[in-house]
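Labels A, B, C, D and E are assigned to the chains in the order they are written; within every chain, residues are numbered from 1.
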């Protein structure tokens, strides 16, 4: 284990960003996102979450797939792929770190999504343990240890030091490039902090959410539960929950005519949107109830069924604080987690 | 996060000739432009006219679209207030454009890039003078950099 | 392992023939620019077709894999993209990617079985591929019955092929019907579900059905009344799709992705899924 | 507040009991003390009805759908909600006959994000005594001033008068006053005083955060289109993500333009923005311009007045007024 | 995909000198949809047109782009050309490469480049064109004239003269309007009745004219050529078919104390009455508010008296619905009643009268048989003060801001007539300005001053007071800056002209527009002064703005000419470039209707199928026969449901894209 004093942390960032792009939580116009590090950037390691999750780095909101040139009746296709440069993603919380596993199940399954795969391959993840969770946190429900996140390198922060531990080969390699600014450390401070954090975690109001029904009850029983109607009644059908969610991965493929060619790009889509499944002659999900149900059934029932019980939620709590009407997955788990008429 | 593959081409190296889109109402200003033509009153060739039935047909979307696609200036010409072929169309257009232009200014887009002029069918000279003046203004402002779509650049 | 390069990036196809089937259905013959098929497929599989700048959508491949020269798509004009496709002339290039989804189990469950094909309107498009495949390997299958109905005579897709090939072929019984009486028509008149019940098939048959939802619903009821099990009936589904490889989430129903786990389903499998199709 | 809560429950149950309405759109408590959710309730689950300082959501947009359904719905309208309500009635989007509007008093609504922005996190409970907010958190008890954490719109409250109602819970003159000393155009003025480049940088910074989640649009009572132009693939401007900076500008300019003269300044767009983009400043710019150019106009003041963009006078100012006004070039 | 042919015209050297036409043709060949492109010396010539026609047939073109002179020049020509070759005339676009290109640019390279872009823009637009078919609607060969004053009568007579049926609806028991109450007309001083009554008789006797007197318009629906109007015929309680107009009933009627409207309340009439001797129709009407039979159930003397048995107390209101091709509004005016002008003491002093009352006092058929007597004591006034601009040209809320136009002249007329008849009478006129534009008008006014010695004082009357049966007029002379108090026996107020109070509700029924003063708005202030913006609705007389009699008659005839022009058509072809609302997108918010100058947008409840979901929605529907295609609605519609055929959003954006490529 290594450490570096927080007042020298810019040296670490400078070292990390020396050869490759370093993404870390930076505040711009009042909000925090993973932005490339530059000198004088307002780095906010204290923040619990970025608004968008870290998935944006591997599965960007908008990404060009290819360019097409039209000439009379002929079409020419040029791949819009570019060779991915290596990058470091620093400051990923445990929940977001787990979300990469969830996304891997989708994008790395056959056939592999090479755009995603390339970014995964080129990205080194430096995750950061939590010490100050908020009431919206419930990652523990999904077996995530916020004090011991997954990642190539894990870092812990206490009041004056950052502790650094490589966990994978990639992590070791990265450590080598920054070793000069780090000093050796024992793990006492980290252990003490982990213990303190665990105590706080015990006070989290959502820590006891019960997921058993979603894996044990019949899919159609949950699907046909009448309480979906009241849960979804006031859903605005916006995409906020989807877009801030670290595990939502629905996308759309669209064409844009630039006047001298057509760009085919993909962008995040939301199953909460009315036009998500709409076809010219009809829409299999006509009401917001059906769209709302789909989102949560997918996260809590369909996805685990196909992926050895792994839920497509990591308990980051973003949707809890961002939903305009405060309807969210915690409420769904609480309500639907109990069988109707029980 | 966006990933765009478009390369930014440095257009400044070339001599800057602004691209100007002029929306002209069919009854007054388009006829005014025709009159400018038959009177051989020249104005820059980079002013391209789009004929619309009335100035009130011009949707803010069209104006933004022109900028998106690389126009450096957009001008809307219609009948003088009170002379609208449809009696009230240009009054609505006037309010819409006032608010739209004010909003663009508020967003930090250069004020001079948009303009409304009332040009009657008899004002060929005014049409040509207006276009010359507008083109000069845009030339001074330089290329539109703030309200364009990188994907559409050549 | 295939990856995105082969799935999301399309190939170029050239329209080599356009056939007007009905007032709103055209069949397009597509080959690779250098000739030959853009890719191989099995009956029931689909392909994503697109006109750049307009859109991309999934269509079933209506030609049989046994055809080695081209693929065919029968497309009904109903939305934006299909309207554009209908405006295409010969020589127009489009983009094609695929094949997607599971095929009808022609090499497994269907082999050696007596088959009944039931189609309504444009629903014949995916079944045509199977029918011609089975005709090609006639010895592998038992009896073949085809029940096909449409609103009117003019709305029967591939009427020429039906008359000139299927009807004339020994061992294939073709039963055509139209919804309402028509002067030039001397065949059966009535809706497909009732016609199927009138025909009353033996229970040793496997049914392959495709058509408008309402037709499928009542035909299925009729078949069950005749004594057929849901596990004897196959259908193919149409949902909005974008990626074709089970990732974009659009065609997710229950734990299935229609583009990847379908579009061919047996009715007993469908019964276990939410009714969102 | 507790008193009003009790009065409200009594009045609502009376109105449902006597058949004035058969259901109510009200608020239900959420997981935490602040995440109140809108909910439709009937006689049998009325006890869940709830009204406190976090019931800020403007529910008038729900009435579009509700008033299409059978029976009469009871709507709880805070004074500022009645503006949106009037506007929707004027545009025939809400069937007035199908709504029983109960005007409820409001003493200003709280913004939990503002509490959190003060560094108060891990919130377990909140006590609102009218002047001070006491917050119990996982990290100890905190307090802040109520005026500090009021929602943006409440700081420039339009007043306690209900502009539309069938009945008032308490007479407007007896209702509490919301302290509203601020000038709602203050920030607009400030932006106008900047240079063009500064304004551009400000808005670029803000709008580049937009993730195009459509929350602002979907919550907006003026954005009541069945299908938004930006969702309509045939419109030629449809887009689902901001694939280029331009699309961020385009979406927000057009959205503000489409609600210009119709926006009541209810502030929901800014409230729901996950990125806290001050979208209301776009709307307020239009409001300020309309007031200055065409005379004071408050959308939703009544349900008949012609909107400023569907009216004109022969002597209206010319668009060139923009050249003279605003900040430096 | 369209099959587009592009034809580039040289226009001799007009285009070819500055545009390389062959290069233009070559450049568009790669554009989507273009299957053919060529250039030709004169596209509009016989040869050019046959080239287009032949190519359409040979190439199977679906659309044509012509790069030539302005569409304002030859669009109509080329539309006919392509139509003759079998393609829809709206599948044509013209790129203006002469007026807007070759004639203004000298550099050939520049001109060619621009011409290519303009041609490409036209192609881009044409790719999105759809065939448009002009709607046809029949024309009902009958006109309705609302208002039977001199304007309405003149319009009706002229329309009837051309052989079309005309109905006049008049709310009063007789036609004739305000002119019947006027004594003499300026500047000729001929008797109003003498020139008006023959026209009234002509109207009554015309086979083509049908008069609905004592009737009002109740409801209007339909559109140009096809209006359906419901007329409410109020009960007269006298059967017009039986009545001989003998007047015996009026003589016997015991209720004689009702103020006589015709004489401005200066004398009384009976409960059953004919407004004046030359009334048309000359059939009495019973005033139920005054009639003893209606008030008490007794009386019935008139019924007993009537030898023709025409009195029918049971007569009911009647609703008649008829179809019309055109509607003329001729609702005229009323003089302002100066009840709010306390300074003139109109309410208090009988000797303060309005000009129209004065007309009656001077008229031989008036209450004083033409002898000028003060209403208060029936004495001859020796000093008369005229006050101009009462209620006109003012700023306060009781005033109208406009000039009533006729007051200067009729006041001069009054002054002159008084001085002529009673030379011993002292006449003073207070004025702000004297406005006398018109043939012989200023001469007339000068005669009043110079020959008849009328005192004209530029100034305002501040106050009128009644002191011992005489009037004190306080005024200021603006020229000498003197304050003065004049004695007067009579004060005459030249009150403002106001549109008839029915104008507003009628405008709503007709979806015609009115201005802030409730005068009807014309379709174009200069070029279409007798048409309203609503197609098929025309404006005659003072309803459109203050006018004197000759102007009113002139406008009445002009209006008739327009109506005749419409009725002469068997069918109306409407401009197919009209707005259209997409029923699936429409919110039914009615914002579009708010900006439509033509009332072309209706709202209907319609069942729609929204992607498989069926429901009834309240949505906008454009009446294509009424829409003029300006596009105001398209921009006001936030959802983009409203679009304009021929200039659709997508088409204009395609042009923008092509230009900015």
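The rule is short, and it goes like this: a contact is a pair of C-beta atoms (placed from the backbone, for glycine too) under 8 Å apart; a residue touches a chain by one contact, two chains touch by 3 or more.
As the structure is a prediction and not an experimental result, all values here were calculated from the model.
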In contact with chain A and chain C alike are the chains D, E
By mean C-alpha position, what chain is farthest away from chain B? C
Quick one: point me to the chain whose Cα centre is farthest from that of chain D. C
Would you mind telling me which chain pair, B-D or A-E, is linked by more contacting C-beta pairs? B-D
Per the C-alpha centroid definition, the whole-Å distance linking chain C and chain D comes out as 51
At what distance in angstrom does the C-alpha mean of chain B lie from that of chain A? 44
Cα centroid separation between chain C and chain E, in whole Å? 64
Can you pull out the residues of chain C that are in contact with at least two other chains? 55, 80, 89, 92
Give the residues of chain D touching no fewer than two other chains, as numbers and ranges. 229, 234, 237, 241-243, 309-310
Residues of chain A that contact two or more other chains, please. 52, 61-62, 70, 252, 256-257, 259-260, 263, 269, 278-281
All pairs of touching chains, each written as two labels joined by a dash: A-B, A-C, A-D, A-E, B-D, B-E, C-D, C-E, D-E
Counting only contacts in the complex, chain C reaches chain A at residues 1-10, 12, 50, 52-56, 78-80, 82, 89, 91-95, 238-240, 242-243, 245-255, 272, 274, 276-277
Which positions of chain D touch chain A when the two form their complex? 30-32, 35-40, 57, 62, 113, 121-124, 138-139, 205-206, 208-209, 211-215, 217-219, 231, 239-243, 268, 271-272, 274-276
Of chain D, residues touching chain B in the complex: 188, 191-192, 196-204, 229, 237, 241-247, 249-250, 253-254, 256-257, 260, 282, 285-286, 289-290, 293-294, 308-310, 312-314, 316-323, 325-327, 329
Where on chain E does chain D make contact in their complex? 584-591, 594-595, 603, 610, 618, 636, 638-640, 649-650, 653
Flag every residue of chain B that touches chain E in the complex, lowest number first. 19, 21, 26, 30-31, 33-38, 40-43, 45-46, 48-54, 56-62, 65-66, 69-71, 82-83, 85-89, 92, 96, 128, 152
